[in-house]
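Chain naming follows the written order as A, B, C, D and E, and within any one chain the residues start at number 1.
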């Protein structure tokens, strides 16, 4: 029942926020997010039972949520990142900001736990709306454009996925099965080659846009660049994982033959994205953009893990999603603090801030190191498993991925050094205040924990992955 | 056959006259010609009651109404119709109408409906026959037509009521244009 | 686990406590606390080694898994520690030399703003290095491997307000990441085939494997790539010279004594793999020999006291890996130990000089310092003699063992290079020594203010100087100590120390002595200026390290940046494309809107078009028009 | 089974009662007409509900002139909802005259008739009963834009009715019967039937507002008074869709391949063009008009797919569309206040003037756009299902492409509403007339309710469109 | 014998003429008359087929068309009068403020 708690608390909080006075909004949101964390703790340690209620009996739609190994830690990621983002948010942001934030948390939690495609799609699309308003309402004219891009691009994908979902259910029904949207039941189907390919790409495009993967990342620079830092943190840290999660949750069990068929082109595209993001990050002059493109590269890494179609690659992706979410989200939050303090984003305009803000610099560096995949921090374990998967399937992509890790070190350090090191400016900035340390410390601690003990996550993820692969195995299987 | 030919020509002349006459009054008169020609067709087609209704309602009531409005609206106004301003309107309209009308005519002429060869039933199309139907099983249709006429009466009242508030939409339109 | 965890964790505790409480503790205390912890670690290391020696020779290994690191598909990778005699040697050097350098740093860093930060980094480094050598499998090794790189990054960029330091730190980190990736790929390949990355499991397999398969060559090469980056083998050597931007004790500890020898450790550790990868094995030797002479040549004309030492380190690393490459593993380890002593002594002494001259590192501002700093000079001299391979100083024994074994194994060309480099080493080291301590002071003002370092600095220097003199004595003991390691898996036949032909020794020592004479004549008798000859063509090339930096820029860095520029152009295209589609639809909509002309007759026309179209469609459909 | 027509009888009684009340009533007591009309609507709704829940088999009345079945009763329910909504939205605004309730009820009667028509005469009567009052209502406000709207509607309506009549005549000739269920493709004279079918379909989709017969829709919606527009946007579409479905499904069920693809093409064209043009609009009434066109296209998907899912999805979609459009127009009425139209600029900063209104607008627009947790999504989902069941992926693709384009149109007002006002806009708080507020709240609640828990309504439509001869 | 099919052809011609009238005349009254002519054409077809089938239903339909036309004309003329009462010309193209 803790899953329901986790889902219901943000929704209730959102509604309360809407009624409450502006001044109380942040407090309510903070309490809600803490309640969410408590709910998550309950889910993790006490009771992982999901729910399976009938929703629309006429179509066999069931409100079926689970907290299994695939989703458990993404739920945790969501709970943690939303809490951090809410704590990091501006006091004066107003109630509608927190309303949308909590609504977003609600939809993300639903998305990460749904195993009924209808429910999955409902949350998948609902989450576009809060982001749209978060982008639109708290930044200027460019933010409006960014919001529009976000919405339209994501919908392009998800509408085709909608057709795919309905088609899957209908085909299943016409093949003599029940009319259902349960992934587990749909994954038993054998699709014809043409239909299978069409549906495969319908899903793939939707997930690739959300991730985003090259070359469907058009919405990303603006959305990351124009949104307030907590929103960027949530989008990059949590929402972008939805795309990859969808591939694992939905596509692997259902579309294994298609994955096999198109593996090589997919790997090539993902590898291009990998290099592309890294090379782009190398030349960006805006610290948020460097991180954004770095993140694009990392998402391609996860895609490579999926496309490797190996058990360890999939596991690596599962783990890397959580790890990357925590680190990149935190990194964006730190960048947001920097932007707040200096009012600037260009690397050319900043230098030597370490001098006046050593603690901020320390946390900054910590998350930078995490993002560049330093062994001992969680990114490394994920990258290792993905590379292990690539070595197993196509070693050349492992080499490319390895090479990009070097470039990643280069561009990530470039940001840190440009901002924090070098001659100190005449006017310093304020260092971290206690309230900020209060949420940065747990985040950093969590990063270290899963960095030195990835098995804590991977051991739980494996049974669920096995379940996903159980169906895939029947159709050509993963190695 | 000959009677049909003559009547058809009269009807067509009436029709064409409606759309080519320069004066609305002439159009109305041509329409009356057309209507009367049709009424005669009705008689030929054993629809005596309809023929009467056609003449009374159409030629008698409707066309009088038309003439009345024509005189009301054209009085003191420039009744010369300006030339065509919408480019290609006439030629396109002509082509489309010929295509549609031609197609329909060809279909209608080449594919006659099944014909029941027996003699006509008693009272077919005359007052009694019509009355049996309209005041019998199909009374509800008559009622509906009555309701429509009632609606029309209400509508005329509504439409020609003096405006109660000063009309602001014009101002709004100007605003929109600017 | 015989205290391994304690050895490992103590420095980490130091780093953590200093970081956490640096605002609260007196600055001085940080250094003392850090030194104390490393000292304790050193003592525990001795204890661990002693206990190790009590085990029977065939099972002289302490190992154990602490927790599952990654578990999932296939066998888990554990967080596993492993101590055998080989690791034991490194353990002693890291904690021992590390403790000395910590103590030295208390004096050296006194008064710096970032003193506590410095010691936190240094402790963190010791922790990482210990993790590297105590790792029980390649994955944990890689973690330590990367963390030492990180510590090195921290310490090179310690003075973060200096742009050069920052750039050097980044360069070091990125180049080392290249090595990390090599190891990562290598271990991924190994795991793929053997479902394990643990040493024992892998080595047991290697010991039965047939040499020469491409898989082994590739794996070995990838792992060697890691060693190359860490041990600054050509062409991944540039970062080491730049790394001298860090505080001098750091150069001593990290960039001379310990971290850069991690490559030697790794290659020695992986000897069962190298044995079955003959091509890579030869490659290791060849590159090492080239690095050896190449770096020595660059050291000839350097003007910066630390740069000379840096290139000499490179050269000596070449010797060590040459030893590994020709299979003289014990000799390599032996040279590593000796090098740790004398190079640490050299750096620390150089540090004292720099300290005395207010941070001046340029040789052209030094000279005649022996009067002011006798203790430093003595230690420096001892270490210089050691590095030059003059008997009976420590370096003589280790270098002799390497060269002898190179000759014995039939690598005559490499042997020739090694011998010639020995002479070069002697020359540039004595050049350095004479320019620093002899001759007339070239900058009177600095000279006036120079003074001997405080005892806290002098004692470690002298201690290391003494070790440089007498260290060679442990050769025999080392042979016995390491023998179990090299015999455990398929018995490495030439691993033990051997001596070469007597003429080889004569040539090497003779060359060293001649080079000493030349240096003496040039820089003491003739008082040649440090910059003399630098304008000549070979001078320029040597001074500029044969243009390798520019070559890297031209071949690797700039193309990557160009790629970035190209990608940005594409990116603009993609973004413009997205916007273009959106705007296009919008514009299209706006263009389409005026079809609503407002004219009723147009609307009717539109209906009529629909009528005709639908009529035609239905008539066709029904078969009337065919 | 004389009870079958009681919903209609109630309305007829209501018409006369209202008329009488207005004739005798003085100016101050015109409100009585509204109350009487409302009473008639509610009574009719109750009767409809009772009828629906007690009816098992369809009944045919007036020599098969009308068929009263669950489908027609659901249509009755829908148009009653439209009428109540329009009545309440226009409740406080007497500018449109005291006769508004009468004409509203007459048009309602037409819509109800369309829902149950089973022969050509009733079809035609329904169309005209529906149209005539609307011509008047459209023009009732002023000779200006309102008059223009009425005039355009009238002329094009007469034109299209002519086409419809000619089509019906040809169909009559080809088959010899006027009853839908007696039309038998096997014995029809084919070319005659084809031509008749084409013309009839044109006449019907004209009322629905399908491209390229849609051109009147935006102009008429924009020019008409707000409650009338509301009524047309919902009620007319229900009536037209219901009769189109019944005409094609009952009359030409065995010859889908004649008409199915054409309807499909029209649907795709309509969905895309309608949404595309909505994108370019600045006036909200116009925007909603184009949205209405696009939604008519969606409705047409339900017909073109020609299966049971299609019929059910059509009913469901009409309901969710109606709720959303009623809510949107209620909001527009509030924002417009004394004026008769709302431009995008008028919405700027709505969230600061009236946060709840902005929230409700969001829900309505998102439902129109088909975002989950609103009824619009479930409706589109059902339609997609129907299209894919029918094996027509093209329809499905057209639907989603249209929805994509449309989305951009629907979020633009929202962006305005949530933007910070630049200062030139009105910042006065918005008054909520109580009648309109009831409509708004009910519709928003319904929209959310249908999105979150559509089960019961799906159950209802599934039982209402259960034509046994369909797949 | 009455050539029923030719009467249908004639009706089609009248229908087309009416359509052209709606499309090309600018005078709303004449447009309206042309539309009435289309209705009449349809009524003629109904009557013709009613004769053919010997069924009264077609005639009932025609009667209803006539009745409805009367109502429609009443309303239509009212609208036209109200719109054009204050305008100078009877030109439908001038009534085109609503567009876009």
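Definition applied: a contact is a pair of C-beta atoms (placed from the backbone, for glycine too) under 8 Å apart; a residue touches a chain by one contact, two chains touch by 3 or more.
Given the structure is predicted, the values throughout are model-derived calculations rather than measurements.
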Quiz item: Which two chains have the most contacts between them?
Solution: B-E
Exercise. Find the chain most remote from chain D, comparing centres computed as mean CA coordinates.
Key: C
Quiz item: Measuring centre to centre with C-alpha atoms, which chain is farthest from chain E?
Solution: C
Exercise. Return the chain label for which the distance between chain Cα mean and whole-protein Cα mean is smallest.
Key: A
Practice problem: Could you tell me the distance, in whole angstrom, between the mean C-alpha positions of chain A and chain E? | Solution: 64
Exercise. Provide the C-alpha centroid distance between chain B and chain C, rounded to the nearest whole angstrom.
Key: 99
Quiz item: What whole-Å value do you get for the distance between chain B and chain E if each is reduced to the mean of its CA atoms?
Solution: 4
Quiz item: So what's the Cα centroid distance for chain B and chain D, whole Å?
Solution: 29
Quiz prompt | For chain C, residues that touch 2 or more chains besides their own | solution = 582, 593, 596-602, 604-605, 608-609, 611, 615, 619, 624
Quiz item: Which residues does chain D have that touch at least 2 chains other than itself?
Solution: 121, 125, 128, 132, 135-136, 139, 143-145, 151-152, 155, 159, 163, 166, 170, 173, 176, 190-191, 194-195, 199, 218-219, 280-281, 408
Practice problem: Name the residues of chain B that each touch 2 or more other chains. | Solution: 86, 89, 93, 96-97, 100, 103-104, 107-108, 110-111, 113-114, 138, 141, 144-145, 148, 151-152, 155, 159, 173
Quiz item: For each chain, which other chains does it touch, given as pairs?
Solution: A-C, A-D, B-C, B-D, B-E, C-D, C-E, D-E
Practice problem: Quick one: which bits of chain E touch chain C in the complex? Just the residue numbers, please. | Solution: 19, 22-24, 26, 31, 92-93, 95-100
Quiz prompt | Complex contacts: residues of chain D adjacent to chain E | solution = 120-121, 124-125, 128, 132, 135-136, 139, 143-145, 147-152, 154-155, 158-159, 161-163, 165-166, 168-170, 172-173, 176-178, 218-219, 222-223, 280-281, 286
Exercise. Using the touch definition up top, name the residues of chain B that touch chain C in the complex.
Key: 86, 89, 92-93, 96-97, 99-100, 103-104, 107
Quiz item: If you look only at chain A, which of its residues touch chain C in the complex?
Solution: 145, 148-149, 152-153, 215, 217-219, 221-222, 275-276, 279-284, 311-312, 315, 352, 354-355, 369, 372, 374-376, 380-381, 383-385, 387-388, 391-392, 395, 398-399, 402-403, 405-407, 409-410, 413-414, 417, 420-424, 452-455, 458-459, 461-462
Self-check item: chain D - residues contacting chain C, complex
Solution: 151-152, 155-156, 159-160, 163, 190-191, 193-195, 197-199, 201-202, 206, 212-213, 215-216, 218-219, 257-259, 261-262, 273, 276-281, 405, 408
